[in-house]
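Across the two complexes that follow, subunit A remains constant while its partner is subunit B and subsequently subunit C.
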Partner chain A sequence: MKDQKYFDALLNLLRKVQDIPLVRDGAGWMLDLEQTPREAGVFCIWWMRGSILWKDRNFLQIKLSSANADGEFIPYNVDTEMLDIETNNPVALYIGKTEDIGLRLAEHLMLDVKKIPDRQYKLEDFSSRYSRFRVVFDQLFPYLSDLTPLIKNYLGYSHVKLPGDENVYLRYYLRNYAVGTFRSLCNIDVFELIT
Partner chain B sequence: MSEEYFEALLHLIKRDDQPLPLVRAGSHWIIAENEITEQPGLFCLWWDRPERSWSENGALKLRWLNNREPYQIVPLTIQSELVRVRPRHKFPLLLENAHNIRKRLEWQLMLEIPKVDFSDDRLSVFSLNISPFRRVIDQVYNEYDDVRPLFTSHLRISQVTLPDDRLVPLRTFLFHYALGNLRPICNIDFGA
Partner chain C sequence: MVAKTHKHSYFVALLHLLKRLRPLPFVETKMGWDLEASQLPEEAGTYCLWWRGGNEQWQQQEEFPLKLIRRENERAVVKEYSLPMSLVDVDHHFPVPLFLSKSRSMAPRIKRQLMLDTARIPNVLLGVRGIETQVSHFRLVFDQFFPEVDNPAELIVDNLAYSYVKLEGSDNAFWRFFFTAYAIGVMRPLCNIDVIDTAAASLADDEYHFDRRLVPG
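The block that comes next holds the complex of A and B.
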């Protein structure tokens, strides 16, 4: 019986945060795909080293912008009260569903990109050139020119394996339930709301 | 912004439903004037008192257009308990996060079309021009030439308006939270 308790049990699995396995890639780093699951499922990227960087900025609101369906940039604010950043618990940043957890995680982290140029992306780039995660994450630290040290040192991930076509609905519902429960900042998707 | 606040809003969506206000306008149907807001917010469409079962042996069988390339029509067999399809009780069909609730509802209902013909496998029939709501209803009630009269007797709507632009993130998170709780069948996509 796949009732709410079943979904809550899956959510608890998604709370088990671990380090992101990285290996050297020339002068930089890349995700170690041999140490990450290569199956379908739901994954979450977490800010896991406490909230000191967020607190130091004395955020009451996080100001972000995103493109709407017409390619216009829409500013919006996120009340930090809505996010669990006043504690030292890991903070969920992005939750996704995928047929290949390792591959999708690598695509979202974009460890070969130091910084997404501020507002240089258009709507078509939003999904094709830059990952949703990095587009929002990079806006949180406008004063940094290289985000990869933060990604390497401050982020973790978790996952729930739900392989096979028979789990496509579970992956869909679980991903949405997790976004709503953890309120993962980088999942806010403005351009879908303007229709 | 506590969990209780989300639960309270979810409770409104679950409990504060009303019959869909449709009226005849000549040969077709329209949403009654001033009955549905044009403000931003969430709305949920419910199917109430189904006169026959939607599922066989606990499974609901439909066809779907997946949303990843190569686009193709795929069979959809889903456990009815997962999407809460139950006989004689209302169940959630569709949850929407809309900038304009009335316009979004109009698009989902497609009241100008009596029936979508799913009898062949042309991708265009399953295209994104067909709303997720009508993609399900017109398949389930395949024996009807015009499904719209069913809307007046079975369709209910609940809505929560969250008009302040500053509430966009809240609306987003509430939408996802409610999706995971209600698991409405018309929201299913196939993206990975």
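The block that comes next holds the complex of A and C.
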């Protein structure tokens, strides 16, 4: 039996935040895939440097896929009290599981896109082409037209390698445990079907 | 209600409530077994389905084969995995958590998850994501545990119980989300399992899975 201590030990590994390795890409930057693990596992994107950008706000407003009967999306207010931002510790923003940590991280960071257009998000936006992380993250800073400097200067990441098919369930349960424990803001999904 | 100020202890308290099992309100009709939805909570919250009988059923095997879908090169591929029972808490003498989810209205969701009007999920659907088929994710996995049984719905009537925690209102939408994730990680319900991992660029998002509660919700 893999007990809770085992999961807590994995969670502690996931708390070891490091810089996101970047390389020049033309005028901008991209994730350095040679410096990131290319294995299966669980990863976490963190807000690393201070909570100044969050502190002056009592709540953050994000629009998600939850739609009312007329198909209009519902803006949700996230009480910042829910997030661990009083301390100066890094804030977990997004936790994912993947078969290729480096590739998935690059897909989520979308460093070649300055801002995800603000519009009505649909379910499809959260499937293949869009990064759930960026869809939520960009909404936290509605006054910015280019989020990539923030990503480059303020974010870090961490990971736990759990390779192979035999770890597929472990990845699933650990990801959930980490999302529930760290309360990673950009994982939020409030879509709930009623019937 | 439990104070939310101490965040982790709030979740621990909710988890304690979620371990309080209740009988499912089964009723026998001319058409077979059904659920009396009026006896289930209508409110929003997190609920769990349990195997309340002994855990012999689950202890006798070290692993269960499960067919689940994954994406490879933009295509959905059914793949067989082995669920190692060492991951799941079946060693203890308390009931086995089978499926845990959140909903804005629990009664209809629980009814849809149980699908008592369906004796067995057709084999052709095994491994197909509930999100695409409107089939209960719980039943997609549960029925696979009993390949020899013609009518897994009967097993449900004989062996299942449920529990819930009310977390009402859109103010609680985020608590429902984070608490459900936490509870899945701690209780490791067998039938929640979803193995959609992303293998390469532009495949399905790692978030776009059963956990989204489109069907389970």
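Heads up, the rule we're going with is that the second predicted complex is superposed on the first by the 169 of 195 C-alpha atoms of A that agree within 3 Å, B and C clash if a C-alpha of one lies under 4 Å from a C-alpha of the other, contacts with A are read in each partner's own complex, and residues count from 1 in each chain.
The rule is simple: contacts are C-beta pairs under 8 Å (C-beta built on N, C-alpha and C of every residue); 3 or more make two chains touch, one makes a residue touch a chain.
Keep in mind it's a predicted model, so treat the numbers as computed, not measured.
Sticking to the clash and touch definitions up top, decide whether subunit B and subunit C on subunit A clash or fit.
Aligned on subunit A, subunit C clashes with subunit B.
Contacts for A:N187 in the overlay, against subunit B (first) and subunit C (second): which applies, first, second, both or neither?
Touch partners of A:N187: subunit B and subunit C.
Between subunit B and subunit C, whom does A:Q4 touch in the aligned arrangement: first, second, both, or neither?
After superposition on chain A, A:Q4 lies in contact with both partners, subunit B and subunit C.
Decide which partner touches more residues of subunit A, taking subunit B and subunit C as the two options.
C
Is A:E39 in contact with subunit B, with subunit C, with both, or with neither (first, second, both, neither)?
Touch partners of A:E39: none, neither subunit B nor subunit C.
Go through the superposed model and pick first if A:L174 touches only subunit B, second if only subunit C, both, or neither.
both
By the touch definition above, which subunit A residues appear in both interfaces, subunit B in one complex and subunit C in the other?
Shared contact residues on subunit A (touching subunit B in one complex, subunit C in the other): 1-2, 4, 7, 40, 76, 78-79, 82, 97-99, 104, 168-174, 176-181, 183, 187-190, 192-195.
Going by the contact rule at the top, pick out the subunit B residues touching subunit A in the complex.
Contacts found on subunit B: 1, 6, 40, 78-79, 81-83, 97-99, 104, 165-166, 168-181, 183, 187-192.
In their complex, what parts of subunit A are in touch with subunit C?
Counting only subunit A, the residues touching subunit C are 1-2, 4, 7, 40, 66, 74, 76, 78-79, 82, 84, 96-100, 103-104, 106-107, 123, 126-132, 165-166, 168-181, 183, 187-195.
Sort out for me which residues of subunit C touch subunit A in the complex.
Listed in rising order, the residues are 7-8, 11, 44, 81-84, 86-87, 89, 91, 102-105, 108-109, 112, 170, 173-186, 188, 192-195, 197-208, 211-215, 217.
In the complex formed with subunit B, which residues of subunit A make contact?
Against subunit B, the touching part of subunit A is residues 1-4, 7, 40, 76-79, 81-82, 97-99, 104, 168-174, 176-181, 183, 187-190, 192-195.
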